[in-house]
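Take a look at the structures below.
Note that subunit A is present in both complexes that follow, paired respectively with subunit B and with subunit C.
Take a look at the complex of A and B:
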């Protein structure tokens, strides 16, 4: 009897803690969204580069299709290709300067003050990052979709693809967070973290399929790129939206979950070691 | 004679700042080396992708897969030299907005040149090394072609710097244009690394005027493939004209500049 009451109490306590945490970090996400909406024109301004990139790539693909004299290339029509590029660029160009922020907080010592707050430093930053990224993602999607509508007209998405896209995109954003936050923490040991962030970003763009679906790569590069975690960030979500296939969707989800789990474990290990190096002095 | 003396003095002035900026970057030797290596890796990754792409999907109109190496080498070298020598140009709009030009106005040197050369982007050396390495190793040019490549890269560097000066100087008239300058630089570098064959009509016209990517990649490619004196004269003429327009807009804007009464020193 006593054991049952104790267990119920523990479950109630855990639920309440989880509920309060969700409320707390939910509030951080809302504040972050509000902060970024306050500078919405600046975000629109940034989306102009997306217009340039999608325009150039759509011109390139039009020329390639025309030079080949075909309407389908590696399973993609020109319309599907342009919508794929919009989906991939929308995710790629919504990345905020997370590594730089973490790097500066570590170097300036501001991290010591943030650690004293009644919230986890990692989850607080995740909530802030998510709010910022969601605003950028939404605006990029609006701008990119308008451009794609003008260039190639309406897309041929399936309902399954539209419903699955938010889930795989959210997981992609989480994988990005784990990677860039971890790189930012390297400021505890190295003089310079922007180089690591740049290389990770370029590998994500090139091997992750921002310029073209991975199907166009020759073998064995295609298989290598598909097996690497970078493909779960851009190629996986974009292909899910444009060409939804249940046989590919389930393996993609597994690949994303495994990447996220392994990445999170590495991040937490790095974080625990890094936190031991923080010295807090009075004054 | 005095013109030549002035040119030599200006080059020595630029050289002195270049050496000082390089020495400052080398103070953080590990970070500097990391940035250079990262930039070489970054450029190589892009080139590898496009090399693979154009080998698989060759374009028409006489396009060869080695052309992408020429385009990337000239654009990367031009951008690298531009950011290594005139590395302060991306900050021009912010300096104008914050009254940061005060420190340069009392100096005996040309204000615009002085502002532009006081900073250098360490990662730009990675771009330069990548470009020269890719050009020499992949294309194996003769000495004349290599000399022409360097000349064209220098002109591309001037175009990049002038482009940033133009959009940075708009801050004199429109308020903070730092974001606009960054976006436009992104557009110029992006357009510069793709074949011009894929653009037609108004876009092509824009790429030879407002966003002069055609003079950063297309014209140098033509010159390196089939050299002609009139085309080189056209390229040089455009570069000088573009630089003169940038200097003119800056001088025009400088008349509207209001000091920020900012206490500080040039660093």
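Take a look at the complex of A and C:
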């Protein structure tokens, strides 16, 4: 009797905590979206760069297809290739300056406000990042889709691909967060974190498959790139949308979850050490 | 029972030392050298509920470090502290529901959004009941007179308006203690006064305990009842503000812009050769008071006159009234002595007391 009451109490407490946390961080996402919509034109003009990039890459691929005299290259038609590029660039170009923000918060002491509140510094930042990234992602998607429709016409997506894409993209955004937030925390030790962020972002672009699907890569580079976490951020979600295959979807999901779990454990370990090193400026 | 108890709390920062020049940079890269700086030396004090404490000292004295340890943001190097019965750095989350902090040089308002949005977000962060929150928000909006700013993006608010919004935001969850780190820094005289009045009002209405750091003597005089002076990480004075005012804030600097040349009000003291203010005080029967008691001429150029007036010897009002009899005052600023001077006086006084004690022994 007592045990069941205690258990019910614990379940009620856990539910309440979860509900309050969802409300709390949900509110941060909403405010972050509103904050980013305040300068939506800047985000829109940034998205125009995507037009230039995708247009140039699509012309390069057109030339490659015609030089090879083929309509299919490693399983991709020119239409699928352009839609793949749009999907990959949509994610790649939606990355906000997360590392710089964390770095500045650490150095300027602004994190004093966030640390002094009844919320987790990591989750608060994740919610803020998510709001910022969702605004950029949506605008990129709209601009990129219009361009792809003009250049190659309607895509041949499957319903499964369209439904699976938001899930794998969300996981990709989470993996990106863990990486860039972790790099930002290095500000507690190093004097400059932007170089680490630059290395990670360039590796993601090259090995993550933003210029071309990894199928195009020669062996063994292809297998190495597929095994690395970078492929779970760009290649995995983009391929899921363009060429959905259940046999590839499930391993991708596992790869993303394992990458996220390992990354989160490393991040939390770094955070626990970092937070003891807080040396707020002006103090 | 004390609301804050601090016992030999200390914080030492370790920072990397860099030598100058290319060779020095390379050397510090290969064999880094570290320097330890005692930001706060072991300090002890306690605070009762409802007290208004000014924690004062010059830049780099250790004020902000102490606040950050008491709010749980910084881990101390040694010592103990309990705030509302909790160890701040171990129970930071629990403590954060019951305290608030406002940093004058930092903002918690979302830059592109109106304060209303930040307020709504804070209600969620502090897990407030939404009906209670709306009542509290409306109350604070009225008290702080920020109704017309609630829908203006924070970036478009003046510093004074923003600071009132920051204070209201910090009070939404009805904290028992409010830590204020330089809340009036950069504000003009009117905005400063408004913040001070609001803090006084808040204390009277809600009995909130105020822990205020500042190096503006006006904040201390007008808001607080007790002052702790800290310098180089050491507490050098813990006394009622009335005593601080009487002993260390008695000399006011008065900056005047007159209609007539300032020289007309001055005469040279034949004994000392120094310039003295030469006016007839309303209470005096003398035609002129050549050696005005407690009034020192710091500067007199053209129509500008700067005086240091020891208010324990000569009240301000009659001196100003006497000057007005001779010349119109076009502009006037009265300021307190800078914190560095107050600290020097405290040290001088402490030194004198030590010498007296030694002589008695």
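The rule is short, and it goes like this: the second predicted complex is superposed on the first by the 278 of 283 C-alpha atoms of A that agree within 3 Å, B and C clash if a C-alpha of one lies under 4 Å from a C-alpha of the other, contacts with A are read in each partner's own complex, and residues count from 1 in each chain.
FYI, a contact is a pair of C-beta atoms (placed from the backbone, for glycine too) under 8 Å apart; a residue touches a chain by one contact, two chains touch by 3 or more.
Quick caveat, the model's predicted, so the values are computed rather than measured.
Colleague: With the two structures laid over each other on chain A, which partner does A:265 touch: subunit B (first), subunit C (second), both, or neither?
Modeller: neither
Colleague: With both complexes overlaid on chain A, does A:53 touch subunit B (first), subunit C (second), both or neither?
Modeller: A:53 sits against subunit B, while subunit C stays out of touch.
Colleague: With the two complexes superposed on chain A, say which partner A:203 touches: subunit B (first), subunit C (second), both, or neither.
Modeller: First partner only, subunit B.
Colleague: Answer with first, second, both or neither: which of subunit B and subunit C does A:221 touch in the superposed model?
Modeller: first
Colleague: Identify the partner contact of A:38: answer first if only subunit B is touched, second if only subunit C is, both if each is, neither if none is.
Modeller: So A:38 only meets subunit C here.
Colleague: Within the complex, which stretch of subunit A touches subunit C?
Modeller: Listed in rising order, the residues of subunit A that touch subunit C are 20, 23-24, 26-28, 31, 34-35, 38-39, 108-110, 112-113, 115-119, 276, 278-280, 282-283.
Colleague: Under the touch definition given earlier, write down the residues of subunit B that touch subunit A in their complex.
Modeller: My answer: residues 28, 30-31, 34-35, 37-39, 41-42, 45-46, 48-49, 52-53, 56-60, 179-180, 183, 186-187, 190-191, 194-195, 197-199, 203.
Colleague: Hey, which residues of subunit C end up touching subunit A in the complex?
Modeller: Result: residues 13, 15, 39, 64-65, 68, 71-75, 92-93, 96-97, 99, 101, 103, 105-106, 108, 110-113, 117-118, 120-121, 124-127, 153 of subunit C touch subunit A.
Colleague: Touching residues of subunit A toward subunit B in the complex: what are they?
Modeller: Listed in rising order, the residues are 42, 45-46, 48-49, 52-53, 56, 59-60, 62-64, 67-68, 190-192, 194-196, 198-199, 202-203, 206, 211-212, 216-218, 221.
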